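Heads up, the next two complexes both have chain A, just with different partners, chain B and then chain C.
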Partner chain A sequence: MRTIEIKSPLPGTFYRASSPDTPPFKADGDTVAEGNIIGLIEVMKTFQEIPAGVSGGAIRFLVDNEEPVMAGQVIAEVTA
Partner chain B sequence: MAIKVLHHGLATSVQDLGRPGYFHLGIPLGGAMDRLAMRAANLLVGNSENAAGLEAVFMGPKLLFTEDAIVAVTGADMPAKVDGVVHPGWTSFSVKAGQELTFDFLKSGARLYIAVSGGIDVPLALGSRSTYAIGALGGHKGRPLAAGDELPVGAAGAVRPGRSIAPEFRRGPGSPAELRVLSGLYWDRLTDEAKVNFFADEWKVAPEADRMGYRFRGGRKMSFVDRKQPFGAGSDPSNIVDSCYPYGSIQIPGGTEPIILHRDAVSGGGYFMVGTVISADMDLIGQLQPHMSARFVKVTMDEALAARAQRRALIERMRASGLSGMGRNRR
Partner chain C sequence: MTIRSLLVANRGEIAVRIIRAAKALGIRTVQVHSAADADMLAVHLADEAVNIGPPAAKKSYLNIEAMIAAAKATGVDAVHPGYGFLSENGDFADEVVHAGLVFVGPSGDAIRLLGDKVAARAVAERAGVPIVPGSAGRIDDVAQACRIAESIGFPVMIKAAAGGGGRGIRIVQSVAELERQFPQASAEAAAAFGDGGLYLEKVITRARHVEVQILGDGENFVHCYERECSLQRRRQKVWEEAPAVGLPADIRARLCESAVALAREVKYRGVGTVEYLYDEDAGTFYFIEVNTRIQVEHPVTEMITGIDLVQEMIRIAGGEKLSFRQEDIHVSGHAVECRINAEDPARGFAPVPGKVTALFVPKAEGVRFDTMLYEGYTIPPFYDSLLGKLIVHAEDRASAIALLSKALGRWRSAASARPFPCISRLPETRPSGAGTFIPASSSRGSWMVARSRSPPLAVSKRRDKPDECPVFVWW
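On to the complex of A and B.
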């Protein structure tokens, strides 16, 4: 079992859900598949979907909702 | 055709040094937000400084070359890879037909400039190849690039890979970035307290900052001197009778969030402007990421003009260093 990091491809503001009224894309502990969206990054008036890019279990978010992120920053970890 | 876009990144567009002469008609200068980096990239591949290249923001595109080319990448620090092999920035390198140019994550800065020997040969629109996306003008079909686009490349001169621009010309914003400002016609709309706070506070780039304007937040709200609402002006104390907006002018709608108008700016409107970022510092703004800190630094007209002259001299030195021993046959 190893830990794989999911990094933000761009800087901006991280959101865990598509709107304030909807549940987060993924909760801590969920399993993820490569194409699953795990969050959104807001930058330049647009929202970019962040795909997991990896498949694994027990996702753990390292960035809170609405927190600023830098490009290359680790957003979450999964075990695979 | 010589370049096929496999992935567009976040927002990648064809840019040159812009489209001067139409701002009075509402069509902005446009062009590269970091003009020095654009010039440098073109010099490295033997193009005229005003040749069209690509500007990519925060994320690099994925490009397939269908013909051999010499390429240079300047501006933001975002490692360029040819078929997976990393090439340093600010240095020309060779890409062969069939190879892919991709980029790693952004390390610093915000905007990347990709110049290709021969230049991106899209048609001129009002004398420029720059993309003004809001006006659907210029560039490739008047819009940012999309996967599947094919870009024509002009005839290249003789140029070698391995040419490099010295580090002294690779200018980026510090942290906090210091943006020099000349106060303007409407400066006295602010109270004495607000005048002090504007320069004392640390501001952060808002995520909505783009080619039209760079918005900042985090400083104290501006307070205004009382006045009788002028005929034709809006009712907010930050409103004025409509006026021309210069490039670099800083408006603060409602007194809360300063917005610096940049290359794709609107040409006029009804918000007061505290002042204008001096021309020598406009390129730095284009390299600011969201959430980065910036301070405004007050300068006099003499200091602004001295900075402009210094910058001109810097570009001259870069030109001289970039051309020497380049083995160019053209021009």
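On to the complex of A and C.
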């Protein structure tokens, strides 16, 4: 099975949910569609939604919630 | 006690500013930094540096335990909190003192008292300072809120008791809107500030934002005149001046005296700022809040008075009395500060962190640049977008604006970041004529629109280095 990488478009802090009280946009193992939001990146106190950009199954996050990410870093993988 | 060594519990341009002040006083400096800030200018300038944790501010710059541990490990005898982060956290001030160290700022109790917006209104009232019409204290329920709103008149602002800095504010136009927004505002305040307490204030339309610099040593209290901070974007200041434009002498005197009365009321110790709304048409001013720390815009006051506020606050914290009396403080000329942010005006002011590949800052008489930038520095994405402040000082306002215009025109900088790198300067518009200001209430004011339609005056792009950004000078 082929895996597809989802990369961060910009550097910042990665969040899996829209707020600490809400469930994550996607749980590990979920199926994702191209337009689905998989997380937020905080850059200098502003938040940007991160769409999956690809469709696939069994998403696996490689970055923890509230962890720093670099631009181009792989955030998650899905199976094609 | 005399302060011999100082922990700088902050980052960015203010950390640099504090280190320069400490060095001038012959004080050893220890700079804290997160894992993302090991290469920042303040780290290079300080005598010693300590890594206090991961990039996320709450694990580093907001981590009281890590901060105290760094202070103890490096054997400093004082801690300077700068602005933002832990600077207005009374518990942090207490912890510093409990560790046997000096906190460069007021006591924890004073910070808590003045940081509680409702309590601060009461202090202001006791000191005879005019306050914005509103609730006498915290509001218990929606019914009470409606009664008060109807008596003071709509529109009213629902404000979080624990808020400040433009956060935790909602404007409502009617009883129906108030009833709908009140519970939401309470829940939001509880989530954001850990305190759901609310109060009401009447909306003062066409108000200018004027603030007075105060200093106290616990026994003597003075003001260093006022600053004008009316030009704001999304309730954040972008351009500051001192003194305020066209403020009548009698109003200036009453305004500044009222700030000193407030300082005396709480036996203030340190530097602080009393913020007011000034209604130009009615010639009246109203107290809004007190900031118990050094402000971003303190340089404009330093330029017109010749007083080094950061040095003075360190001396006061060390136990010295104020080094001047009110009659020693005089205003000379006019100063303007322009904030420089890592933002891209072409993309809705989106933040643009990245590497500073080139930087040329014009040097001239009356031009001061307070910054964290240097060539080769990579601006991290984890913190505020403020990179520095360009400050000018001249004999009058027109000359100061002309000098700022010239300095910005000669300015060159470049940063590379993805997807569209640029360092922009704010504000990008010239306030038209003396005394013309956009009211603070119109945060979506016309100046933004006017600016975005005007072409950049100077655009430079190094063709041989395509990864470097074009430089925009909106002016």
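We take it that the second predicted complex is superposed on the first by the 80 of 80 C-alpha atoms of A that agree within 3 Å, B and C clash if a C-alpha of one lies under 4 Å from a C-alpha of the other, contacts with A are read in each partner's own complex, and residues count from 1 in each chain.
Here, a residue touches a chain if its C-beta (ideal position, glycine included) is under 8 Å from a C-beta of that chain, and two chains touch if they have at least 3 such contacts.
Everything quoted here is computed from the prediction, not taken from an experiment.
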Partner chain(s) touched by A:7 [first = chain B, second = chain C, both, neither]: first
Which of chain B and chain C A:74 touches, first, second, both or neither: neither
First, second, both or neither for A:43, with chain B first and chain C second: both
Touching partner for A:66 - first (chain B), second (chain C), both, neither: second
Chain B and chain C contact sites that coincide on chain A, given as residue numbers: 9-13, 42-45, 68, 71
Chain B contact footprint on chain A (complex, rising order): 7, 9-13, 42-45, 48, 68, 70-72
Complex interface listing, chain C residues touching chain A: 36, 54-56, 191, 342, 350-351, 353, 380-385, 418-419
Residues on chain A engaged by chain C in the complex (per definition of touch): 9-13, 19, 21, 42-46, 66, 68, 71
Contact set on chain B toward chain A in their complex: 10-11, 57-59, 105-107, 110, 207-210, 289-291
